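The data blocks that follow each hold one structure.
Shared between the two complexes below is chain A, which pairs with chain B and chain C, respectively.
Here is the complex of A and B:
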């Protein structure tokens, strides 16, 4: 069995599972946020009306709640949703509720690794499509709709069809100035936005051994944009160290068998990768930066679960140090813990000296919610994950998806810029 | 949930691939969690201009399709964000059946939770149906689509078919067996966590 099959076999109490088996798996962790949480509350209300008892969750210690999409609240509906969420966690005794303005909080997927909320080998579901991110820790992590999350909260289990696995073998180390984001954009460009549909995208090979945990998180995060059920990397010592330094203990490393089967194997030479962007209006509309259109950018956005981890900010700072931005540039660290490290290590000063604005952790403009959404005809380069029409604001705005290095280099020139071409 | 009955209406052809949930329900409506009424936000940016006047060239604004309950569209329908609001909007607007060559995973699963039947068909049949001017009958019981001139059969998982035909949803269905489940769990030796 490969790693996903092993995790799902353990989760469903079976000796062995194979692709297409339908299983009922125990869930180890569940996440809801300020959009899916109120959605779940709505489902609970409906069930209550049908006479179903929704007074107790299966295990509130395995549930955690993030405030991320619409915080800090820009208007009253968002504010009311936060109050609803607060009442929900109070009523159900959920202790892990990360509230803005009260210490650590941030984007749900970022908290999953920053707070070591999910461990290797676990079955983890979240009310958000980018739940795939956390597969980089060696967990089976996938997103579900509100009704399914409500079901898990009450029962602690849910059915899955065991996915087939596409194995991406990455050979060698990425060159300087090329990041995991460039690689995953290249892959999505090759396989398309439904190239991973219903399947697992697993990453392995020497390219993964060389890669930091945070880069692996970027790869798995973007598997959602290829339609994948989940993304996963077999956990190694780097994952153990990463999680242990964040307070985790008793980590067991689950790996696939040496004779594990994969539906298809793709090979990529990491050393041949180039800085890459996805043009509007789809993450698979990719082009290498040196061949990108010569457009005048209005904005550079360095934020989101995809592109505002500590490593991402460090990359952007490397470029912005001693330089000035030519276009509006926003940096939104993805969690308070990252914000603090960025402050302690002088990154925030670099951003501010360069002329960028530093904002609070939030999904913000990545989902077009607030905090710098785009006007009609504005063009943005962004470290986020999606560039569908209207995703970041006006339906006639445009977003190019890029790595933090490219977003920072482009902030300096006002054009889509390969970091290798900066003076 | 209401039981899924035989449906016979004209089809609404939406000739587009990779329709993502941001297009089905734009972000500004995600904050709203009232019980119903999401239909008015369906394809909001495609249906309305900046002054919220209907755009004449968008198919849903063509009166001809007003009573259609069947949407026929391109591959990878429902990709992107997992927002269940997308399904709520389609259902509230009046669609009961969506036919496409393929669907995004979470969206596909969300449909069954809300009484919508997503049907995967071969591309050539989807193309044919897009150009069907007469009414299409959707017979879930017999897994057949009937036009005036032909019949096309479709596949569906038998459990999902039952859910729709009997108007069950996963949660209420499972909770009917709560006693048996707790009984089983008492005896079960399955380790629940690692």
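Here is the complex of A and C:
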């Protein structure tokens, strides 16, 4: 069995599972945020009216809650959703609630790794499509909707069809100017937005051995944009060190068998990778930066679970140090812990000296919600994950998806810029 | 199940156009319905009728896990979406929440069914009859688990064997 089959076999109490088996898996961790939380509360209300008992969760110690999409509240409805979420966690005895303005908080997927909330080998579901991110720690991490999450909260399990696995073998180390974001954009460009549909996308090879945990998180994060059920990397010592330094213990490493089966194997030479962007209006509409259209940008956005981890900010700061931005540039670290490290290590000063604005952790403009959404015809380069019509604001705005290096280089020139071409 | 078709001849209709991100804070189903398909078709709300179907291409519902998407369509009156394929979270949200039927069709049905056609979907025969054009097409049968959850009326009413 491969790693996903092993995790799902353990989760469903079976000795063996194979692709297409339908199983009910026990859930080890579950996450909701300020969009899916109120959605779940609404499902609970419906169930209550149908006479279903929703007074008690199956295990509130396995649940954690993030405030990320609509914080800070821009208007009343968002503010009321946060109050609803607060009452929900209080009523059900959920202790792990990361609140805006009360110490550590941030984007749910970022907290999953920054706070070591999910461990290798676990079955983890979240009420958000980018739950796939956390598979980089060696867990089965999969996004679900409100009804499914409500079912998990009450029953501690959910059905899955065991996915086939696409194996992406990455050879060698990425060049200095190329990031994991460039690589995953290249892969999505090759296989399309449904190229991973209903399947697992697993990453391995010497390219993964060389890669930091945070870069692996970027890869797994955007498996969602290829339609994948989950993304995963077999855990190694780097993952153990990463999680241990964040307070985790009792880590067991689950790996696939040597004769594990994969539906298809793709191979990529890291040394051949180039800075890449996805043009509007799809993450698979990719082109290398040096061949990107010569458009005048209005904004550079460095934020989100995809592109505002510490490593991402470090990359952007490397470019912006001693330079000035030519277009509006917004940097929103993905969690307070990252914000603090960026402050202590001088990154925030670099951003501010360059003329950028530094904002609080939020999903904000990434999902077109608030805090920096785009006007009609505005063009943005962004370290986020989606660029469908209207994703970051007006339906006739445009978003180019890029790495933090490219977003920073483009902030300096006002054009889509390969970091190698900066003076 | 009879109804008329609203056709979008394109692939990858994503959840950002089915219900734009700014409305994710809304959890009133009737209000969500007034914004359904707003990112693609601002006239949708005025033209959709109770019992209508949406017909579209590949990878319908790709993007976010927002259950707002099938909710907004279902509370607009849409009973089924017919598409060449579906993104996984939209598909399971539609079924597990019992909002609407996601029906996988083939290229023949996709090309031959037109906007406004009256069709009759018979899931017991895996057949779609085009009453307007007097044609019949095959639909892809539901997998066993999906069929059982649909029959039960959603995941909460489904009793695993």
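Rule of thumb we're sticking to: the second predicted complex is superposed on the first by the 423 of 423 C-alpha atoms of A that agree within 3 Å, B and C clash if a C-alpha of one lies under 4 Å from a C-alpha of the other, contacts with A are read in each partner's own complex, and residues count from 1 in each chain.
One rule holds in what follows: a residue touches a chain if its C-beta (ideal position, glycine included) is under 8 Å from a C-beta of that chain, and two chains touch if they have at least 3 such contacts.
Treat the numbers as computed from the prediction; the structure is a model and nothing was measured.
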In the superposed model on chain A, is it clash or fit for chain B and chain C?
clash
May I ask you to decide whether A:133 touches chain B, chain C, both, or neither, giving the answer as first, second, both or neither?
neither
Quick check on the superposed pair: does A:194 touch chain B, chain C, both, or neither? Answer first, second, both or neither.
both
Once chain A of both complexes is superposed, is A:221 in touch with chain B (first), chain C (second), both, or neither?
neither
Chain B versus chain C as contact partner of A:403, first or second or both or neither
neither
Is A:304 contacted by the first partner chain B, the second partner chain C, both or neither?
neither
Mind working out whether A:382 is in touch with chain B, chain C, both or neither, as first, second, both or neither?
neither
Classify the contacts of A:13 with the two partner chains as first (chain B alone), second (chain C alone), both, or neither.
first
Check: chain A residues flagged as touching chain B and also chain C 35-36, 38-39, 41-43, 47, 50, 52, 69-70, 77-78, 81, 127-129, 143-148, 151, 193-194, 197-198, 227, 229, 282, 367-369, 386, 388-391, 395
Chain A partner, complex, touching residues on chain B are 18, 20, 22-23, 26-28, 30-33, 35, 45, 75-76, 79-85, 87, 102, 104-106, 109-110, 113-114, 169-172, 174-175, 181, 188, 190-194
Could you pull out which chain A residues touch chain C in their complex?
22, 24, 35-36, 38-39, 41-43, 47, 50, 52, 69-70, 77-78, 81, 127-129, 131, 143-148, 151, 159, 161, 193-194, 197-198, 227, 229, 282, 367-370, 373, 386, 388-391, 395
Once bound in the complex, which stretches of chain C touch chain A?
12, 14, 16-17, 20-22, 24-27, 39-40, 58-59, 62-68, 85, 87-89, 92-93, 96-97, 143-145, 154-156, 160
Parts of chain A lying in touch with chain B, wherever the complex brings them together:
10, 13, 26, 28, 35-36, 38-39, 41-43, 45-47, 50, 52-53, 69-70, 77-78, 81, 119, 121-122, 127-129, 143-148, 150-151, 154-156, 193-194, 197-198, 227, 229, 252, 282, 367-369, 386, 388-391, 395
